[in-house]
Structures are given as structure tokens and as C-alpha cells.
Amino acid sequence: MANRVVNSVLGQGTRVWSPVSRAVRAMSSGAGSGASPSHTYETLRVSQPRESVIHVELHRPEKRNAMNQAFWREMVVCFDRIAEDSDCRAVVVSGAGKIFTAGIDLMDMAGDVLQPEGDDAARRAWNLQRKIREYQDTFSSLERCSKPVLVAVHGACVGGGVDLVSACDIRFCSQDAWFQIKEVDIGLAADVGTLQRLPKVIGSRSLVSELAYTARKLMSDEAKSCGLVSRVFPDKDSMMEGVLDMASEISSKSPVAVQGTKINLLYSRDHSVREGLEYIATWNMSMLQTEDIMKSAQAALEKKSPKEVLYSKL
Amino acid sequence: MANRVVNSVLGQGTRVWSPVSRAVRAMSSGAGSGASPSHTYETLRVSQPRESVIHVELHRPEKRNAMNQAFWREMVVCFDRIAEDSDCRAVVVSGAGKIFTAGIDLMDMAGDVLQPEGDDAARRAWNLQRKIREYQDTFSSLERCSKPVLVAVHGACVGGGVDLVSACDIRFCSQDAWFQIKEVDIGLAADVGTLQRLPKVIGSRSLVSELAYTARKLMSDEAKSCGLVSRVFPDKDSMMEGVLDMASEISSKSPVAVQGTKINLLYSRDHSVREGLEYIATWNMSMLQTEDIMKSAQAALEKKSPKEVLYSKL
Amino acid sequence: MANRVVNSVLGQGTRVWSPVSRAVRAMSSGAGSGASPSHTYETLRVSQPRESVIHVELHRPEKRNAMNQAFWREMVVCFDRIAEDSDCRAVVVSGAGKIFTAGIDLMDMAGDVLQPEGDDAARRAWNLQRKIREYQDTFSSLERCSKPVLVAVHGACVGGGVDLVSACDIRFCSQDAWFQIKEVDIGLAADVGTLQRLPKVIGSRSLVSELAYTARKLMSDEAKSCGLVSRVFPDKDSMMEGVLDMASEISSKSPVAVQGTKINLLYSRDHSVREGLEYIATWNMSMLQTEDIMKSAQAALEKKSPKEVLYSKL
Amino acid sequence: MANRVVNSVLGQGTRVWSPVSRAVRAMSSGAGSGASPSHTYETLRVSQPRESVIHVELHRPEKRNAMNQAFWREMVVCFDRIAEDSDCRAVVVSGAGKIFTAGIDLMDMAGDVLQPEGDDAARRAWNLQRKIREYQDTFSSLERCSKPVLVAVHGACVGGGVDLVSACDIRFCSQDAWFQIKEVDIGLAADVGTLQRLPKVIGSRSLVSELAYTARKLMSDEAKSCGLVSRVFPDKDSMMEGVLDMASEISSKSPVAVQGTKINLLYSRDHSVREGLEYIATWNMSMLQTEDIMKSAQAALEKKSPKEVLYSKL
Amino acid sequence: MANRVVNSVLGQGTRVWSPVSRAVRAMSSGAGSGASPSHTYETLRVSQPRESVIHVELHRPEKRNAMNQAFWREMVVCFDRIAEDSDCRAVVVSGAGKIFTAGIDLMDMAGDVLQPEGDDAARRAWNLQRKIREYQDTFSSLERCSKPVLVAVHGACVGGGVDLVSACDIRFCSQDAWFQIKEVDIGLAADVGTLQRLPKVIGSRSLVSELAYTARKLMSDEAKSCGLVSRVFPDKDSMMEGVLDMASEISSKSPVAVQGTKINLLYSRDHSVREGLEYIATWNMSMLQTEDIMKSAQAALEKKSPKEVLYSKL
Amino acid sequence: MANRVVNSVLGQGTRVWSPVSRAVRAMSSGAGSGASPSHTYETLRVSQPRESVIHVELHRPEKRNAMNQAFWREMVVCFDRIAEDSDCRAVVVSGAGKIFTAGIDLMDMAGDVLQPEGDDAARRAWNLQRKIREYQDTFSSLERCSKPVLVAVHGACVGGGVDLVSACDIRFCSQDAWFQIKEVDIGLAADVGTLQRLPKVIGSRSLVSELAYTARKLMSDEAKSCGLVSRVFPDKDSMMEGVLDMASEISSKSPVAVQGTKINLLYSRDHSVREGLEYIATWNMSMLQTEDIMKSAQAALEKKSPKEVLYSKL
């Protein structure tokens, strides 16, 4: 019956649209919604090294992947696209060249920060707030994207780099990596995520405070022992292989299960246990109706590996 | 010194960009940022009847301003543009034709609601959630826009119309107006704002519940006595004049003061008094540095009307 | 396929259980789960005056419906049963005899309040807190029940009576009704809901404070003008008829729509607009998949009244 | 046993101190803690017109009770003293002379607002925030004081006056009174409480927004119908008598009950119903052990009026 | 005087009742309230190995303690009983047989998860939500019980086992133990507590995400270094002895102090520091009136061990 | 123009005042506001060992720095002074003599805790709550002070000592240090900060619970591995030098950046990430207008060390 009603009501095809796709289409006219889009950027290189795994590489190696205006603009477009891309089930972020990133490109960004528009202090403040929110939005797009984001850090990860990795789901680094909350040295409190997310990422408040006040370097071993990274690899090559393997492993699982997990982990971070339980009960009242559970149960019954199950796109 | 440093650092002009302007530019290539944009839509008519006042008219009179897909898409673009338009200091919303709006255009929207994409219950749910958020975003754009939004209702205001007016700042209606929370009659709990905002808009929870459970009409007199509207006008013409006068009055005041007021009223609605006080103390630590205060004080000293003061754009 | 897997996995019928049904069964062994239970109580009289409408009458008329220990115990059982009763779609609460209720039965309750168990101040406090939470739980059961609860007040509504009506969804009264927050006169701050819910029920904080500090009576006209009740009827008979009519009207609508509305109105009362929108988007991602919407749309298409549609039980 | 241990442990008298009493003592060396202090101020006149009732009069009639620096400083000291004064059980606030208050004394305060200390925008902001918090603290002291505060307004109540009355518990006015949120006319968003508290005081958000954006006057009748005031008196004299009578009435009740009510009403305003219920259950686990309940129950048993009961100081 | 009034008012003994005891009595008719109840279950074995210490053993060793429907039902009854049992001051949970638990018993539970009741997607969702909340409630009963719960894990702790241990207060394991968040492999986001509680239990968000997305095993050493367990014992026997010793140690202390600590630790987890401080100040205003403090102080004065002090039951 | 208006309006110098300075002046009449005050206390020794670094030493070595009434009173005065002292940019706290602190001085404090004022349980509770809030306020003053507080612990840190160090920003200890949450042994739940702050300071909830329930000692190595302290030094001398060096390092940086960092770290601890980002965007809209950023950028451009830059006082 449903179809009959709908058809008589509709008499036409439905169009899909979204705020995200509005923006995405503005930049890349060739992208078909739902299909895997072609990602072309000045500061990023995007590839698909494994099935359903997208690799986003910070790619201004000659500038030590410093974050210029193009980067801030492209990163959010890139992740909003990935969020919409049903062929992608996990994302890996890394840096091209000698280091992960030198942080904000002060040369390129100085105008925004050093010379806010406006003749009046209030109007300058107004413009500054808008810019800060835009920069924040760039890294929040990594959380807004419901696919797990794994980040692999080698060499230096400075300033904005720490903001970036704090917004990822799982962090890895190579032995030569180090992290530095640099903002205090340029006269400002870090405002694109480090102060908000890092204390909820690692287990020692004493350490977060020390790093934020002193701008001292955190070396890879300490990054592991404090819980910032899950694992330290001997070098970048072994790290990339290890991280892509894990991303591939995650991609083989039910996307309903994996992405529902990310959404609920983030919700729970910011709510009480009681609210978190209430939310997932509401979330799962639809999600438990998925065929993925039946497929998984069937596989378990037949002693198959979960990897052998084929799950539909999400 | 500042300029010297900046210039040596920059060596180039700064570009402005924002998520909003990305979307906006996608639809209207001729719009200059900062300058008053030309608003052209299928379902809305936008004009500037008074200085610094923008009038947004729901404009599908032949369809009783029913909210079709184009409307949901255009409304958010329209208000995101207005938010960025420094020439605008107040907005008036009204409906063309015989009534304010008949609510959602079930014919046009049925596909989204009645026939969600996906073969699996979980995947259908996923797509439904995305659509609901998009619809919610349409009306949230009225709150995200920091300029006061006044709404003038005549005739019927049904279903989505109540969601819309709940998201405005000040509500007015003509004697012949009535309001109806219609959603329960099409088998769903209202999900684009009425259940969330209306109880914080009017003072009787008993009444909100009754309206939401029974879908009965709320006539203009009761709308006034329960606080939904600020004033009832005898007819549409007198209402439009009254509302435009008030919008004009608001536009003559300091935009730093007016828009800061809106932002803090909304913040306080959703926070404790203690948090609200903390936020405005932080907000005003820059805003009190505005020249507008000095201009206003000077005018007061000279016994001038506040309307005689010229405030810079914001 | 699902069935095959499930059957091979299960090989047995599923049993239903719940904390609520545990308690319910403890008191009334004859109640079949899902079927309409026989409600038998000392202090309440429960009937079904209209299809799908349950009428709960406070029924100790010789004691002016004073709330004794049996009442506190039975009320929560009654409403937990109603919550589980898929034949019920709306509830009406009223009082038998001359008045709605004289409030707490001090004679019967004095032990709990005046003589807490325990020799040590801390242990007495511990026991007191447990009792308060139990009493609170009695009225919270009206909100926990997702069916709308309409309350019809005649004559006096004192003390605990105000706590009770504050927890209902829609309030009505007869011309002779009055309300009194009596607790302050027996030396305590009202602790079973009035101070928490009433300020979110009516629109004047000044009035709530006055009533709570002075224990003065609020007469029916003021109850209407301040928004406590939706309507004042000339006498109890006309009120009961009016209220049962509205309950009947509500019962004719989709229970998915009505009960989802109650759940989201309560959620929104206690959360920010942003959180409320997020919750209903998650809620409706399953609820919009209901056949009730299709049925309603079909009826609208065929110009039928919503009342002609038959919705399945919930 | 307790005494023996304590005495052997102590061997000396205990001293009482508090942050409040530190400040209080700094200004008024003759005040004995616990005893009724002598209140002497430049801008306030404090008296005790009824038993246990303190009357605080804004007293710069020649300046229309404009709020100068002395006022902001003295008000918080006055209310912190009253909070500590166990002889006081209710407070009445009114204005001497022709009007309640003309609001902030721009002449006296201009330095703070117009000329913030500091050569650097950030340092000026820092100093501004500190000042705003101090001003906010002045009115928050009315809520921090657990005794009910009744305010009686005649004539004009402008700007800071609205902030003040919003922080009181019960509001009254005379027929000639009017209220005006004036801040927008001097170029700033009201930052000492109006935007935070007023929307939680009255039931129409539309009206709050209109008043805040337009600075129009709210006359006494509309103040009554929107719930801002509980009652409008024909003139100041009848108002003062009515308000003092009510304060006296409140003072005759158990201070444990009354002040616990205020504390929990404020807590509930800023928390969900669930949190509010949890808090009062914890609050009352000690407060229900008071002898006041027994005294009240005894009186009820003996058919005495609550006013005949003598409750100990709190 | 109190007794006289109470007796004249009461003229009868007080009865104790509670939602919990209603349910408890339904299942175990022989249990006297306050006295240590006899715990008899299909899936649990309950004993009292030390004074005031209750040991709850998951006891379906032939099914590797898989959590079947009886388990979910019995666990909440067991802990609600323990919560009411004033003879118990600490609880130890462990598993009988070769491993702690294999997690959910998919064979037994499949109906609930794989075949939700209802013909309509919304009605299935409704039933699913109710079931999820029941399962959540099972583990929340460990937190609702104010006595400290210590858990001792040996061998595998899979799926629901991780949800269970996350809800305990202190965790221990033997060298051979491992933990696995298994849910993602059966196609769902874990919804009975792991995603909500685990990130607040251990210090590395990166690790939580990795475990939840990949379902990899966490071995005992890593469980120690990440803070999941407090200590790793060489084998089950030494672990049980160590854990019972600690439970016994805790039982020797003031139950007012210990259980108040648990309640406030849980409150603080879910609130800001400011709210947590406010709550404990309100909590302790009665609890500091306990004789336990005097007893403890007396003991300290006499250089006795705290263990020598006898505290009354709570 | 601003000056002209202000001068004509003012005609007088502005006075600075604050609640804090009221209290401060009450105790130390010689302190000039803004200038470095002379700190003289019974229980504290305050010095300035490095430029812009204040050293607060718990100084009752003969009583093992036990916290008596003078200590609780003086500590809050000391830190409120430091908060106002623009010459100070970092604070170091340590203990004189053999240990850091033995915790609360039971001999001196017993009256407050063991013998609360008042004949009635409710009135005793009232007085107890006030005292608890005062004690809480003492340690909250360390967070209210926006300068980073580093604490250096040697020997024992017992009871109130753990509350104190939990309120500091960065913790260090010497090899011989140990920590003990002692409160449970004197019959009470710790109520001046440990239960609220410690779980947000270290990464293992299991460990926090164990320490709070058992009162066992936490030795320095475990304090390091669980994240309570940032570093363990071999002895007190090396620790003091290391800690002062770090304080000195922090003092060399922009106070706008450092203190803004502290304020936002604390805000973020108690709010969701979304709220934290919103707050810092509002905070930095003024703070990014500071000259300190320009100075820092200039230095970076000229390859100077940040330490060479001179920042104005804050």
C-alpha cells in the first residue's frame, strides 16, 4: 500500500540535498552524491590504499605541512565529503615529507590573527569570533564524520597539529615523533580544540597543564605511557602499514555497528552516564533492526570469521 | 609596529571565507560578501522595505505557502545570507496570500517522509535522521542569525508554521490568525522545533500539551493571553505596518547591543543563570570596548534621541 | 532467513519481563501482561469510561482523599500497570467525593515523617532519603507512563495534591476549585515535586514563590489566568464530560505520535533546545518508519477524518 | 561521651568565621555576628518595620535612586549581612522618593564602563570582565541570601532596576509603575542579570525579546498580566502595607521550611526535574529532622494557627 | 514530646516498603527486610565468605557463565537485595569455572535481539527500547547499590562482561585474564554500559576507541597499565584472597563514610566540580552528625586502629 | 573623543573595588592594590624566589603542617591576594619541615566537625553546610586564581593535603612522598574536593575508588605511573629547584596566553567539548586583540627566544 500512496502523492522522483552537499558541490562539480568523489586539493592528497579505507595526507611537504588558509578550508570540505561517502568505512590521516606538521602557517594566516578586520574593538571581536569558529569547525568535521579516523604521526606535531590529532579517534606515532602545544609561545590560549579535547583524551591532568603552560615537547615514549597514542612504531613505514591494517580490519565490520559506536562514544564523552545510556537506548531502537546483526549471528553460528560477512553500504 | 610585522609576514591581501559563504556562493554567484546580496528564490520573496530591515515573505500563495523541498532548502540559504549581511539589522517574516502557511507540503515532501531510502531498517533510519537534521537546521538558521527576527502571522499557521514561528524572536498576529500543531494528525511527533521551543516560548505547559496532543486550533486572542504573540492587530495591513515600524525602531539602535542581546537571550534560555552570567561577562569584555557606548553616552549627554546616533555596520 | 536463524538459535518461546512487571505481578497475580489488567486498590478506583481511556479516581472520599501510605504505594503500581497496558491511550485522574484531595494524610504518614528510623542522625537521614525518593517516585510514575495524563480538579487540591497535578500533562478544574501549597505550614520544603515542576508548568515565577512561601489559596480563575489549568468548567459534571471527551479525542490518534510527543515534551523540558532537537531526530529515525504515517496520509488523501483511521496498539 | 572527647580535643572555644563575615567586618566594625547588625550606608536605608522583617530602601531620592558606585558596593554588603542575620526572616526592597530607580548612574559609573583600565585590548577586557562580575555579584547576593526578598516598585524602574527586581523572589508594583530594559539604548547588552533571569521570571518569550530590543516601557497592567508582578496596588502606601503584611506572614512560618523552599526553588530553576528531585531528597534528609515539623504537627493537632507556633532562629 | 505527638497521631506501627522490596519480595518470600536474605538463583551463587562481605559468583560454569535471560533478571534482583541488606558492607563479584564470562548467551537471548516483537517498525523499536533499558538497568543496579563492588576477573571477560566490570567500583584480574569488547562483531554498538562507562574508567581515549572498533583482546598487563584494573594477581586463588581481604578491610570502616564516598564519587563523575562540591556539602550536612565520627576520633585519640571501632549497621 | 566625554561625565578619578579586595584589605591594611602585597600569616610563609614567581610554603613544621583553623582562613586570603597581584605570574606551593602536610588538625578543628552549633538537627545541618562550603572555598581559591599553581610534595601528604594538591594545576613529588585519602578513617566522606577533583586528575577510576575506600598509601612511583604527578625527583632540594625553574619558565611567557589557558582548561573540564569551544571562541575574541601576539610574532620572525620578549603585567 505504501508505494501506491507515495506514488500517487509524489508523481515525481525525490531529490536529495543537504547543507554539506551544498558546500561540497560548490567546490567539486563532478562529485556524484553517494558515489566515491574525486578529492582534489592544494594541501591534501587523498587516496584509497585499501578497500573502503581513505587515506588523507597533509601534503605541503616543502612547507613542513604548515596549515595555511587553503588547508583550513580544504580539510572541512574533505571530511564532509568523506562523511557522505558510503564507500568509505575508515579514514587514515598522516603527513607527507619529513614531519607530520609544523602547525599553523604563521606567514599565511597572520592577517586573520594579527590584523582582524574592523575599526572598532567590538567589531574586530565579532570578526575574530567568526574566524575562530571556522577554524574550530575544520577539526570538528573529523568528529562530525561518523567513520573512525586513525591518525599516524611521525616527526614533529606542533601547535595546530595537536588540535588535529586530539579530534581523531585513535592515535599512533613512530619512535621519532614528538608533540608540542605551541600556542602559548605566540601569545594565545589554544582555541581550536587542544584545551577542550586533550584532557578528555589522556589520563593525567597534571601533564596536560604542564604541556599547555610550558610548550615543552612530549616525546613518543611518554605519549604512549600517558595514553595519547595507542602504539609506537619503530618508523614511519611500519606505522603506515600497521595503521592501514587496522583501518582495513575496522572496514570489514558492520558499518552500522562501527559508526554507531563512534557516535555514541562521542555522545558519552560529553554527557553523564545516565544520559549516555538513555541516548544509546534510543539510538539502538532502530539500529538493532538491522540485517547486519542477523548476518553476523548467522556467521557466528556457522563458525565463520566476521570478515567473511558482506555488509551493505551505509 | 603591528602593521610592519603583519606586512612583512603577509605580503598579500587576506581572503575571507566561511562555511556559510561556501554554501551561499554555491547558489548565488553574484553575491559580494559583506555587500547586500540579491536574494532570488522560488518560494521566498525578499525585499528591503525600510532602511536596514529585510522582509522575507513566504511566497507560494497559490499553494497556501505550503513548505515544499525548495522552501526547506532556500530558507536556510536566505537566513545564512542575512546573517552575513552587514546592511541588515532586523528581519520581518510574513506570508503572501490568504494565509501564513498551510505547513509542510505533503505532496512534495512525501518521498522523504513516507519512503525513506534504504533496504535495511537501520539504513533507512540513518537516512531519516539526516533528513530530520536538515529540516531542523532550516529553522535553527533563524536563531543562528544574530539579527532579531519578527514574524507577522495572518490566517492559518499550521504544522511547520508553528515550528517556524517558535524559532523567531518576536511574534505578532492579526485578529483572524490561528495556530495548529498538526503533526500528531499525520502520525508523528513534531520534530523540527515545536516540541523543543514552544514550551520555552509560552507560559502554560498545560496548554502546550493540549495543543500538541489534540491538534486543536489556537485562536489569536488565546495566542495573546498565553504569551505566544506580543500583540494582535485588527488586520494584516495594520500588522505589517506595526511590525515594520518596530523592526525599523530596532534597526536604529546599536547593532552591537541588539545582536549581543539576541545571542545572550538564546544562550540563557539553554543554560543556568550562573552559566548565563558567566557567558555574558566574557562576551561583554570585548563588546564594552565598542565606540557605540561612547556615541550613545554622548547622545544622552546632549539630550539627543538614540535614533539620531549613527552606528557603524556590524 | 531471519526466522530460520532465530529458530535454530532459540528453539523456544521468548519470555517477556521487566522491573515493572515484576512489581506488578507481585501485587496482582491475575494480571495478564499486555492484556488490560484488573486494577483493584484500597485508595483508587480504576475504570474505563471510554474506549482506550482509563479513569483513575482518588477514592477515599470519607477521608477527603487524603494520601495515606496505601495511596503512595498503590499509585505507582497503578501507573506502572497503565504504562504497560497497550489497550490504554489516555488517562484521566480525578477525585471522588467533595474535594480532589486534602493532601498528605498526616495521621497515617506521621511515622515516616515525624519518627524516622535510626538512633543516629546519619542513619535517620539515610532512611529519610529513601522514603522521600519513594514518595517522589509515586508521582514520577505519571511522567514515566508515556500515555497523556489529564487531571480534573474540583474543590480543594492541597499539599500533595499540587505535587500530583504538577506531574500531569494537562490540568482542568471546576469553578469551585482551589490549590494550596501547604507544606510550609507543616515546617518543611515541599519535596515530592511541586518546587521542581510547578515553575516549569506556569508562567509567573513571582506567583510560584508567593504560593510556596505563604501557602495562600489559588482560586480557579487565577489558576486559569496563570496557565496552571487549561480551562475552568462550571461544575464537576461538565468538567468530567469535557475531560473525558478530550481524552477520547487523544485516544483516537496514532499512539506512536501521541506518546512520542509526550516523551519528547518531557525530554525538552529538561534539556537545551539543541539537545532536544538532537534527541527527537534520533527518536524519529525509527518512529517515522511506522505504518501510522502511511495510514494517516492515506486518510488525508481520501479526505477522511483522522478519527476514522485505526491504529495498532502500542 | 561526645563532649568529653571534644573538650579534651579542643581545650578552647571555637571561633566562627566566613568569607562573608570577613567582608562585613571590614566595613562595619561594630556588628556582632549572629546579632542584628546596624546597617549604615550612603545609598540605602535599612530598617525593621515588622518583627523579623528587614526593609531595604534604595535611598538617593534626590538622584532618583540612580545606582552609583557606592550602591553597587553597599548592596552586596547589605545582603550578605542580612543573609547572616538570624533575626531576619524576610526582606522587603523599595525605593525612596518619586520613583523606584532610574537605573545605573551614568555620571558616576562612566569611568568603569567608558574608560576601562589598561593600554592593551586584552588587558582592558580582563579588567572589564572583573568589573562585570562584581556588578553581577551585587544582585546575585539577593539570591545567595536564603531569606525571601519581596520587592515593591512604584514609578519608574529602569535599566539596572529591572536587573534588580529580576533577582528578587516576589514582585509587586503600584498602578503608576513602569519597567524599562534600557541597556540597548546606551549601546550594550544588559549584563547584570536581566537577560538571564527575566525569561525565567515571566511566561512570554516574545515579550522579553520585544522589551530587550526596543527598550519600550512596560506598564503596570501588562506587568501583572505577563506575570512579572504578583499584584498591582493602587498606590505606594497601600503597596507598602500589603507587602509588609505578606513579609510578616512569611516571617511567622518555620524558617527551615521557608528558606529551604527558596534554596530549592532556585536550584530547580537551573536544573532538570530529575536533578531537582535528587537535590531536595538530599536536602531534606537533614531538614526533616527539625523540631519545627513536630511543633507544626502539634499545632495542627491542637487546631492552632501556624502563626501561634514559635520557631527557633536559623 | 515528639513521641507523645507521634503516638497520638499514629496509634500503630510503621510499615516499611519500597519499589525494590516490592520486587524482592515477589521472588523470595522468606526474606525478612533488614535481615540477611537467602539468595537463591539459577545463574548466581551468593555467599558470605567474610563478615559483612557478600560474594556474588556468576555460576553457569558449563556455559562459561554466558549471560542468559535468567542472569539479566536475577542480577538486578540480587543487587537490589544487597542494597537493602544492612548486614553487607562490601561485595565481591567473580566467575565460577574456567573463565569470568563469555558474555551474552546468544542462543538464549536471540529472540530479544534478533526477533523484536511487533509488526510495525515503530512498535518493534518501542519494544526494543524497553528491553535495552531493562538490560541497562541490570548493570546500573551495581551502581545504585551504595556498597562498594569489587570485581575479580580470571580468564576471558567478553562482551557483556566488559559492561559488567565497567559498572563495578574496583577491578582486579589474574595474569591469564583478557578483556574484549565484542559487540561490534555481532553488528551492534554496545548498549549496556561499556561505551558510556569505560571511557570514564580508564585514561586513554585512543585505547577505548581501538578496543571498541576492532574487538581486539586487552591482556592483563595492558589492563593494569591503562588503569582498567588496580592490580594483577598471579592466579585466581591469590586474587580471590587478595580481593576478599580488601573487601574485608573496607567492611571494617564506617559504612556512613564508605557508602557516602561511593555515592559522591558517582555523582561527581557525572557533574562539574562545582556541582559535585555543592552536592557533598548538602550530603554531609546530615552525615557529619553521625556518631561514627565521634567513635573514630575517640579511637584516634586512644591510638586504636580504626578496625577496632564498631560501627552500627546502615 | 572618548576622553572628552568621559571627563565631562566623570570629573573625578575612578576607584577600584572588589569583593576580594574588600576581604584582603580587612586583613592587611598596608597592601596597595596592584602592587605586590606583603603576605604575613601564622601558618604560611610567602616569598618571591624568582621574578614573578610566588612561593607559598605551608609553615607549621612543628605540627607537621597540620591544617588548623588559621590555615583554612589564611589560605583563601593568600590566594585571593595572589590572584589580584599583577606582579605574580606563577605560584609554587610546598611544605616546610619533614612532610608536606599531616592533613586536617583534628585537635584544632574538632569543634567545627564534632560539635556543630545548634540545638536542632536542621539548624546544626545548616551550620555544618556553611562550614563545609567555607572549607571548600579555601581550596577553590587555588582554581579561582588564574595564575598556574605548581605543587611540590615531599614526605606525607594526608587527608586535606590530597584535597589541596587536587586543586593545583601541576603536581610534582620527591621519591619519599606518599599520598593518603584519610577521611574514611575518621568516619566521613571527603568533602573539600578530593572526591570531586581527583577522578578528573588521574586516569584510573579503579585506583581512585580503592584509595578512597581503603585509605591506603599511594607511593611516589605509583603516583607517577597513574598520572597524579608529572615527575618524581630524587629529593626535596632537587624538586624545589626543578619546580621553581618550571614556574620561572612559565612566568616568562605572555600572561594573557598562560592565564587564558588555565581559565579555559578549567572551563573545559566541567563542560562538553562543544561548550568548551564556544566559550574559548568568545574568550579569545578579545584576547586575540592583545599586543602580546604581535610581540611574540615579531620575536619569532627575528628568531628570538620567547623568553626575550617583555610582556606587560596583567
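Residue numbering begins at 1 within each chain, and the chains themselves are lettered A, B, C, D, E and F in the order written.
As a working rule, a contact is a pair of C-beta atoms (placed from the backbone, for glycine too) under 8 Å apart; a residue touches a chain by one contact, two chains touch by 3 or more.
If you're wondering where the values come from, they're calculated on a predicted model, not measured in any experiment.
**Q** If you walk touching chains, what's the least steps from chain C to chain D?
**A** 1
**Q** Would you kindly say which chain has the C-alpha centre located farthest from the C-alpha centre of chain C?
**A** Using the mean of the C-alpha atoms as each chain's centre, the farthest one from chain C is F.
**Q** Across the interfaces A-C and A-E, which one involves more C-beta pairs in contact?
**A** By number of C-beta pairs in contact, A-E is the larger.
**Q** Looking at where chain B touches chain D, is over half of the residue numbers used by both copies, so same, or under half, so different?
**A** Here the answer is different, because the shared fraction of interface numbers falls below one half.
**Q** By residue number, over half of the contact pairs should agree; on that basis which option among C-D, A-C or B-F is the same interface as B-C?
**A** Most of the B-C contacts reappear at C-D.
**Q** How far is the middle of chain A from the middle of chain D, if each middle is the mean of its Cα atoms, in Å?
**A** 49
**Q** Cα centroid separation between chain E and chain F, in whole Å?
**A** Between these chains, centre-to-centre, one finds 36 Å.
**Q** Quick one: report the Å distance separating chain D from chain F, using the average Cα coordinate of each chain.
**A** Distance between chain centres, rounded to whole Å: 31 Å.
**Q** Can you list every residue of chain E that touches 2 or more other chains, as numbers and ranges?
**A** Residues 2, 5, 9, 106, 110, 114, 121, 125-126, 200, 202-204, 225-227, 256, 269, 282-283, 285-287, 289-292, 294, 297 of chain E touch two or more partner chains.
**Q** Taking the touch rule as given, give the residues of chain B at its contact with chain F in the complex, in rising order.
**A** Residue list for chain B touching chain F: 1-2, 5, 8-9, 279, 282-283, 285-286, 289, 291, 294, 297-298, 301.
**Q** In their shared complex, at which residues does chain A touch chain F?
**A** Touch residues, chain A against chain F: 106, 110, 113-114, 116, 121, 124-126, 128-129, 132-133, 136, 140, 143, 183-191, 193, 195-197, 199-200, 202-210, 212-215, 225-227, 269-271.
**Q** Would you mind writing out the residues of chain B in touch with chain D in their complex?
**A** Spelled out, the residues of chain B in touch with chain D are 148, 169-171, 200-204, 225-230, 246, 249-250, 253-254, 256-258, 260-265, 268-269, 272-274, 276-277, 280-290, 292-297, 300, 306, 311.
**Q** Which chain B residues qualify as touching chain A in the complex?
**A** Spelled out, the residues of chain B in touch with chain A are 2-3, 5-6, 9-11, 13-19, 22-23, 25-27, 69, 73, 76-77, 106-107, 110-112, 114-115, 117, 119-123, 125-126, 130, 134, 137, 256, 286-292, 312, 314.
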